[in-house]
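Next come two complexes built around chain A: one with chain B, the other with chain C.
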Partner chain A sequence: MEALFFYLFGGLAVITALVTITRRDAVTSAFWLIACFLNVAALFAMLSAQFIAVMQILIYAGAIMVFFLFVTMFLGEPRRVRLNRGRAIPLISTVTVLLLAYLLMRITNTQHRGFPSISDSYGSVAMVSRKLLVDYVFLFEVTGLLLLVAVIGAVYVARKPRTGVGEGEGHV
Partner chain B sequence: MAEIAWALGKILFMLVFVFTVLVVMIWGERKGSAFIQDRIGPNRASIGGVIRLGGLVHPVADVLKLLFKEDLVPGAVNRFFYTMAPFVVMVIALVTFAVLPFGDAIYLGDKVIPLRIADLDVGILYLLAITSLSVYGIVLAGWASNNKYTFLGGIRSTAQMISYEINMGLAVLALLLVYGSTRVDAMVVEQGQLLFGFLPRWGVFLQPLGFVLFLTSVFAETNRTPFDLAEGESELVSGYNIEYSSMKFALFFMAEYASMIVAAGFISSLYFGGWQVPWLDTITLREHAGTFLGVSLWVGAVFNLLFAALLWKRYRRERGLLGDRRELEPLVLGIVFFILALVCLGAVVIASPWNLGEQGAAHFATVVQVLSFILKTLFFSWLFIWVRWTLPRFRYDQLMKLGWQLMLPLGLLNFFVTAAVVLLAR
Partner chain C sequence: MFDASVGLNHYLLLSVLLFVIGVAGVIFRRNAIIMFMSIELMLTSVNLTILAYSRYLGDHTGHVLVLFVFAVAAAEAAVGLAILVELFRKRDTVDVDRFRQLME
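Here is the complex of A and B:
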């Protein structure tokens, strides 16, 4: 039963990911990417990682993709937003395939088969929060600070210039 | 096997509940708006020319009409996404119900059956995750329809969702701090206690500001007036659903109401004690089940008799005014109420010692709690209608200003104050 669902969601995740990168239209791509994220969330849920599954939906499928869609739809006509694939594609894909092959080789060659098993409640909200807010609280707070700096930087970059060129236009 | 049967039973209960309330809400929307605008409202559709039920037959006629209408797909649409959009909207509106408890756990012998569909550790976060997806149905519809109005509706909806999701999340986070649990059923159980010995320990009393923020965000998330910019009839014709007709349009229409009912269920569960009956916890309800049952049967008998008498009077008074079979309606309904009164009286006589036994008392308590949940949900469903016909739609800049400049700081303030109080009170 579990294997069935694993192959179902895993297969769907792979298929939707492939569809995502083969569409030429940015908005269509984005929709397929959302489907892919949802399948990945289902895989997380099957691993008893409920918290990560919900966060996958909430943050990736929910928040980030809404932003993606908003921006792609807002900039220019929806049917004209084409993805620029460029000339670097052969190079990038070669490197990616090589990396993937190397990774697969390492995984199949590894001596250490299987990971130590963890309890079913390991992925629960309480356990994840204990890890984040007690065991690794310093790293957690530093990450928060980093994100804050990024937000302030983004606001600074996006602000309207007070004087000089481009006055009245503003950067959107 | 029994597990699966119970799960299916609970899912069925929820579906029947949502679709029944949905019909009542469509009726309530029409009659409510008529009441608020001093009109009569729909009253023409009838069964056999007799039963009109004050317009309650109209939604049935509507559904029949929409079911048999031709399913038209415009030529320039993206067929796949166009067809998918109504389903996405409906599914997302319905699945949110999974974590909502509608009664205290039932004990059958040594088996415990919690009255909620999914046992999710993440609880309320699931609500946030699913509502964050709810915008996609509208965006899909708006984009796939290949129409400028629908497209603008979709864009407005995304902007609105981005702005109000954060506020909703902040209100919910403050609740998590207060109750110390992510589970909705645990939150509802917590609300069964008393505050200062007389006030029910409801979320609305612990988090008044949080409640206002949550309520406003929920209105925005369900795309309901004053936040229905995605539809905006005066600007966008009808927004994201212009290109839809027949059952596909009906799905959008029903999903809007379904998501409102779910939202009302969450408002009552998070801030108004859910299935808890104020001042009566499960134990008291079970102990005095016989007395409560007897009293409610007596009250039921009296009120049914009263209704029957009033309807009889109305029948006598209005006979001959209309000159057709519509006059018979008060008579038919009066007879129904009279029979109900007799049933209540008969039940009083038969069950006169009012000793239900332990199992019976427990079931009685469950029924009362489920009724309490349904009543609260109905009230908040009515609130959605009430607000819609009272407040005008926001302008886009007002919407953004309210979300980012007023509600976000208030939400943060509420969150920090709650955190400080919880920390100090511990």
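Here is the complex of A and C:
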């Protein structure tokens, strides 16, 4: 039963990922990527990481992808972009296939490693948050600082260009 | 490799496939937004690896690491897309091959 769900969600994740990178329109791409993230969230749940699975849906499929969609629709005009790199395709295909072969070689020459049995509380909010807020609380605080700096940087970079003297300067 | 029971290797294989699809998306496409989305796909595939190993070792440290990856991905998306919006204002395109200089 578990294997069935693994192949179902895993196959769907790979298919939706392939569709994501082959769409011409970035908005269509973003919706397919959301579908891919939902499938990956199901796989996270199968790995007993329930809390991370919910966060994957809320943060990735929710917040980050809505942000992508917002920016894509804000920019518009997808026709100006050529689909891919015409002349370099043989070279970069070779590089991609070599990378795939190398990674596959690294993971397939090992024995089958089954998952050990674990307690029911594994992956629960209590266990993860104890790890996060007791053992790694300093990194947690630094992450908050990182997000603050990112927000300030994003607002500074994307602020409205100054159109006239005094405007923008005083209101930023 | 294809036993009835799903083990660590199955998740690693799936993670490799998703990662290489992400790499292909970054190096094949010219649309900067789709390249960004491919990077998010690569980050997610690495998260899958981390969680699979976490499950294999029965330890919660990987879950914390994945949460930090979420935060860094959000920050990266915010700053990257802000830069993209600014570039689009200046150049009127998101084709990465047309971006050849930082200043003008």
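In the analysis below, the second predicted complex is superposed on the first by the 124 of 172 C-alpha atoms of A that agree within 3 Å, B and C clash if a C-alpha of one lies under 4 Å from a C-alpha of the other, contacts with A are read in each partner's own complex, and residues count from 1 in each chain.
In this text, contacts are C-beta pairs under 8 Å (C-beta built on N, C-alpha and C of every residue); 3 or more make two chains touch, one makes a residue touch a chain.
What you see is a predicted model; the values in this text were computed from it and never measured.
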| item | value |
| --- | --- |
| First (chain B), second (chain C), both or neither touched by A:F31 | first |
| Which of chain B and chain C A:V125 touches, first, second, both or neither | first |
| Superposed model, chain A: greater residue contact from chain B or chain C | C |
| Chain B versus chain C as contact partner of A:F67, first or second or both or neither | both |
| Chain B versus chain C as contact partner of A:N109, first or second or both or neither | neither |
| Which of chain B and chain C A:F51 touches, first, second, both or neither | both |
| Residues of chain A that lie at the interface with chain B and also at the interface with chain C | 51, 55, 63, 67, 74, 78 |
| Residues of chain C defined as touching chain A within the complex | 1, 3-14, 16-25, 27-31, 33-34, 36-38, 40-41, 44, 47-48, 51-52, 54-56, 58, 60-61, 63-64, 66-68, 70-79, 81-86, 88-89, 92-95, 97 |
| Residue ranges of chain A in contact with chain C within the complex | 2-3, 6, 10, 13-14, 17-18, 20-21, 23, 26, 29-30, 33, 36-37, 40, 43-44, 47-49, 51-52, 55-56, 59-60, 63-64, 67-68, 71-72, 74-75, 77-78, 80-85, 89, 92, 95-96, 99-100, 103-104, 107-108, 110, 112-116, 118, 122-123, 127-128, 130-132, 135-136, 139, 143, 146-147, 149-151, 153-155, 157-158, 161 |
| Complex interface listing, chain A residues touching chain B | 27-28, 31, 34, 50-51, 53-55, 57-58, 61-63, 66-67, 69-70, 73-74, 78, 121, 124-126 |
| Chain B to chain A touching residues, read off their complex | 78, 81, 120-123, 125-126, 128-130, 132-133, 135-136, 139-140, 143, 151, 154-155, 158-159, 161-162, 165, 182 |
